[in-house]
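Across the two complexes that follow, subunit A remains constant while its partner is subunit B and subsequently subunit C.
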Partner chain A sequence: MGAYLVRRILAFIPTLLISVTLIFVLTRLVPGNPVWALIGHQSVSEEKIAEVSRELGLDKPVIVQYLAWLPKALSGDFGNSIFFNRPVVQVITERFPVTLTLAGLAMLLTLAIAIPLGILAATRQNTFLDHAASVFSTLGVSLPTFWLGFLLIILFAVTLRWVPSSGYRPLSMGFDQWFPRLILPVIALAFSQIALLVRTTRSSMLEVLELEYVTAARAKGLSEGKVIFKHALRNAFISIMTVIGLTFALSLGGSVIIENVFAIPGLGQLITTAATRRDYPVIEGGMVYLTVISLVVNLLVDISYSLINPRVVYE
Partner chain B sequence: MHNSLKRITGAIAVLCLVASAGLYAADVPQKGGTLNVGLHIPLPTLDWQSTVAHPLPHVMGNVFEGLSAFGKDFTAVPELAESWQASPDGKVWTFKLRKGVLFHNLKEMTSDDVKASVARWLKVGPKGPGLTTLVSLTTPDKYTFVMNFSEAIGQSLLLTLGSDENKCVIYPKEVCDASPKSGVLSALVGTGPYKFVEYKEDQYVKLVRFDRYMAREGVPDYQGGRKVAYLDQIVFWIVPEASTRVAGLQSGDYDVITDLPATEYDNLKKARGVVPIKNGPGILMYMMFNHKTGPTSNVYIRKAIQAALDIDEVAAAAVPNADFRALDPSFYPPESAYNTSVRSELFNQANIERAKQHLQKAGYKNELITYQVIATNSRNVRIGVAVVEQMKKAGINAEVRNYDLQTWVTKRRDPNSLMIYSSEGYWIDPSLYEPEFTGTFPSKEVAFSDPAVDKVFKSLAQESDPQKRIRFGEQLQNLFFEKVATINLGYTYRLVARTDKVMDPEGNLALGNLTLNNVWLKK
Partner chain C sequence: MSDAQIPRPSRNGRVLNPALRRVLRSRLFIVGAVMLFLIVLSAAAAPLLTPFDPVAIDTKNSLQPMSLRHPFGTDELGRDVFARVLYGARISLRVGGFSTFFTAILGVLIGLFAGWYRPVDMIVSRIVDALMIFPGLILGIMLMAALGPAESNVILAMTILYTPRIVRVVRGSVLELKGLAYMDASRVVGAGDLRLLFDHILPNAYAPLIVQVTFGFAWAILTESGMSFLGLGTPPPAPSWGNIIADGRDFIRSAPWLMFFPGVMISLAVIGLNFIGDGLRDLLDPRLRNTARRVGNQAG
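After this line comes the complex of A and B, so read on.
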């Protein structure tokens, strides 16, 4: 396992190197100039654009910019954001807790609802409960997130006035400021995740419940609870874990739609705004962050396989 | 019985007094409260001197002030200047400054600060280089500031210095000296009624009342006149999604929201406790061409398009709510003193036959004419689609091309890509058109240039007499129509909204960018 981990972590290096190069090149190939967003693009002379581009070092050839940028980027220094005038790492570090909170709470809600519901649907196949779970998961997968978000806002914030409509306050401003603003975005984000995970849990469980060892366990007279939770679920969990890992990795990248609908200053909003105004350092730093998150979460999921199922051995 | 009647009458009188006092109190401006504003767009920088970016005036217009500003009629009015005077030859402009005006750091504003600020704006400001004939800046005394020009300059100077678009705002000299680069200020210190407290990028900007603000004497006049800061605090929350802003207003999270689609107007009108406001002046939706290369460099092709367009239909596609659009042939908004009907026969012709005749004169051979639109701007897309359909009816092989904003800007400058694009803005004074129509915008390779137009701009720059300026405005409009420099696609109005606890006795929320002086909150 130790050697496997070292190999996987070493494999990160070429992956990251290729990723950062691709990110840099693609970012610069896309037409645009951050100066237009900074000083404006309407009735601004070309000379002024060129002057500010020079100030920002954007007038140099892309290869020169890349060679100056690469060593710094590999050491985690992506330079300063053109619009925030602060190190990109600092900006990402500030936004990360917001996204982590949203993704973490949504995942907790997802796990709390989806796995029991998926198990119930599988163990009570073709009953009302199973059909209800199917309808729910179909709805969850097909409802557009932004639409659900607005629906929640209109019902709970505008009509009932139970919670604020949008915005984000850090926990440092008090629990009563922080938590109510997260309720609706967490529900909206979790809704499609729950739907996906209910489906995965149900189908994985159904597959496992038909295997001979489950029949054998039942024949041995084990209680149904033990059969399901100790024997069936543990084996079904490999595919469930894959979906959990992928979903969580995606939410850690920031849910652009949820963050926009609820005006939450997370990473998704940061990276999309940066892309819109061509804040190259933030785009590059943000994309490298997403790559690292994806690599790390995938590694953790792989490790979890061997913990869930001892037959999975990494050599 | 008599005594009881007296008592009842007395009680009624007291009740009436209390009620009327209550009503009176409700109408009397009160200090206090936090105004939460749902702002539609993030701020690229807080340094107003270095950008023409749209959101700056909404926020920093409450913090910073300039020598001149706009009054309710959108003419230049003094702000930090007590008065101004041009020499008879128009080459020397002397500004007498208001005495006792304090910056937010409690330092008194003097001519040294003004000189340093104007010098910085000339260097970093996108509009600064427009003052090409400026020779020197001098400060004869603590409260006098002089601008010397090599050629006569007229009212345009005040408009350029005071325009919301890249206003020449006054910072303390120390801030100017310590902030040589665009977009980066060593401190955010102004002289406005509200002072800057905190900015969380892409989240919020917080301002508080500047208690030592020295308001001008006289009556309020939008950005000029007597400005009173009633609010304890203003927080601008950045909420890019329009529906979220609307929901936030209805749920009481925001008190004022900006820039809504006009289609929300009817919903807001029905909503309880919410007041939708039509905001002017009218914004011109206009079409621009590649004047240097390709089919649109041929004036007859442009005339064909001008003849073909049914502006009624284009404007309706652009702005479905009829209350928020206006068909007006002038290139100056209906609210402008320069609004004119000169050459209005060339506006909204919807004449396919005439268009075909122009195409024939142009020797048009079915070349493809592309119309580039911003994919994320639904109004821009709708205009593009409507115009292209009408061009096709006239026999023009036209096509819409969708781009994201940055790519759109790139293509707009490229002579090999650009043929037609549309945009919007308001030019309350004819001289404000100068940057767009003197051969440099959006790039030298595609820009419109014409000696007759240059001559009118020069005359406008030098003239201060209102009547003569109006004549020059008419000449400019005549040339715009004749040369098809641009095509007027109608006017649209912005929609903002407030809750009914926000009191705006001066009607500032119906004018231009958010100007929150004299706005107060009912308790």
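After this line comes the complex of A and C, so read on.
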């Protein structure tokens, strides 16, 4: 097992390199000269384009660009944003907390609802509650997130006027400015994750509850609550943990859509607009940030999975 | 499912048939299949169901509410939304269908070889890992920005996004099956690598594969709608469910029906496909039907 851990952590390095390289290759595939995006399409002389290209290092062969870019990227330096004309790291660090807040709150809501609901559904198998939970979890993974976001806006912001329909205010402007604007986006983002986690919690609880050690725990006279929370849930948490890790990465991705629906100035919105403006450095920087976080989460999940489940054989 | 798990020297069809018969008895599967069939039917029969052209502009009749003439109203340019939703089904289903098809073919080929040959696995697994850690739509957004908006590019981008998942499923099946005794037995009687892979391993990997491909179709429809919504998917004026919703987003106060109905269609299609997938999984996947047998397989 120790050897496996070392190998898994070592494998993290090539995976990181490959994904960072993929990001570079894919952004350089973008057709159209980024210099145009920077200084406008019309009335630009060839010399001006050549000059700006030289400044940005875009006149060199791609492989030379890559070798110069890689060490910088890995140390977090992506140069200046073409559009904002400021260091990419600055632009990203302004927006990253917004996305993390959104994803973090969605995660908390998911845990608070999905795990109790999943346990209830498993312990009351084939009751009304169980069927309701299963209908909900099918809906959750089937409704388009952005459409759900609009339905929430129409119902709670336009019709009932309970909360503002969109926008974002930082916490520094006060809790009453910050929180109401996050309610709908967080619900929309958490919806599909709750659905996934309810399903996982229910099925792993059911699997564990059938095992002999649970019967033994009941037979020696433990209360049902103790059997479920102290004995069964602990074991069921193996697969629940895996899904929690994955849903966090998913919610980072889902925030792209949600930030667009609710006009929230986060990293997802930044990357989408950078993609339409061909602001290479920002696309690359934003992607690398999200990728590294996903990678670390993936690694932790992998390690915890192998630690907890000795039946999995690693060659 | 035991039938498909017991290795037999029969051809693929024979191994699957009893399982298929059971599938047809599943209520979940039937409900999902009927939903999907109705959507496919309405897409195919679109010209019979509406007299309107989905891209015909009629600015005199813009933003009409729902009426007998325009069941789903009209959009900003006076286009009939009912017609756009029906014809949009063609595009959404076509894009989803093609990308699912290519994903399945590529995923099976890459997965089989990665599971079988260690050196291939070293490379493939790293790339699969790298592709899978990009969260959600972000890789799709990058690809679409790089490739430019076109229907074929959406298909290409989604194939790149989903193939790794199929590869993982197929590779997992190969790893699990290749240690079993019947592989040695086949080899002893002279079967080569390709024969072992395609005749003996692939048929036994069908169950998780078919389930994953069905969920992949649902995923493709959702993802296409998301990318089109962001303006990076199927380019206008062609209607796809996602960009009809994008057209309606500026009017959610004055004309909420514009975004309501295409969303209902996406949801119905995806729910239908998920039901089919769930039905198939319950019936085909031994992990859920009989945990004990699964563990036994791993030990073997």
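Criterion: the second predicted complex is superposed on the first by the 255 of 315 C-alpha atoms of A that agree within 3 Å, B and C clash if a C-alpha of one lies under 4 Å from a C-alpha of the other, contacts with A are read in each partner's own complex, and residues count from 1 in each chain.
Here is the rule we go by: a residue touches a chain if its C-beta (ideal position, glycine included) is under 8 Å from a C-beta of that chain, and two chains touch if they have at least 3 such contacts.
What you see is a predicted model, and the numbers here were worked out from it, not measured in a lab.
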Is A:291 touching anything from subunit B or subunit C once the two structures are fitted on A? First, second, both or neither. second
Is A:262 contacted by the first partner subunit B, the second partner subunit C, both or neither? first
I'd like to know which partner A:158 touches here: subunit B for first, subunit C for second, both or neither. both
Using the touch definition from the top, say if A:250 reaches subunit B (first), subunit C (second), both or neither. second
Should A:91 be classified as contacting the first partner (subunit B), the second (subunit C), both, or neither? first
Mind working out whether A:150 is in touch with subunit B, subunit C, both or neither, as first, second, both or neither? both
Once chain A of both complexes is superposed, is A:177 in touch with subunit B (first), subunit C (second), both, or neither? neither
In the superposed arrangement, does A:22 touch subunit B (first), subunit C (second), both or neither? second
Does subunit B (first) or subunit C (second) touch A:278, or do both, or does neither? both
Subunit A residues contacting subunit B in one complex and subunit C in the other 30-31, 150, 153-154, 158, 260-261, 276, 278
Footprint of subunit A on subunit C - complex, ascending: 126-127, 129-131, 133-139, 141-148, 218, 222, 225-226, 229-232, 242, 245, 249, 252-253, 256, 259-260, 263, 266-267, 270-271, 274-275, 278, 288, 291, 295, 298
Mind pulling up the subunit A residues that touch subunit B in the complex? 30-33, 36-48, 52, 55, 83-85, 91, 150, 153-154, 157-158, 161, 164-168, 260-263, 265, 269-270, 273, 276-278
Which positions of subunit A touch subunit C when the two form their complex? 11, 14-15, 18-19, 22-23, 26-27, 29-31, 138-139, 141-147, 150-151, 153-154, 158, 203, 207, 210, 249-250, 252-254, 256-257, 260-261, 268, 271-272, 275-276, 278, 283, 287, 290-291, 294-295, 298, 311, 313
Subunit A contact footprint on subunit B (complex, rising order): 42, 44-45, 50-54, 126-127, 129, 165-166, 181-184, 200-203, 237-241, 243-244, 247-248, 250-253, 404-407, 409-411, 413, 423, 425, 435-436, 440-444
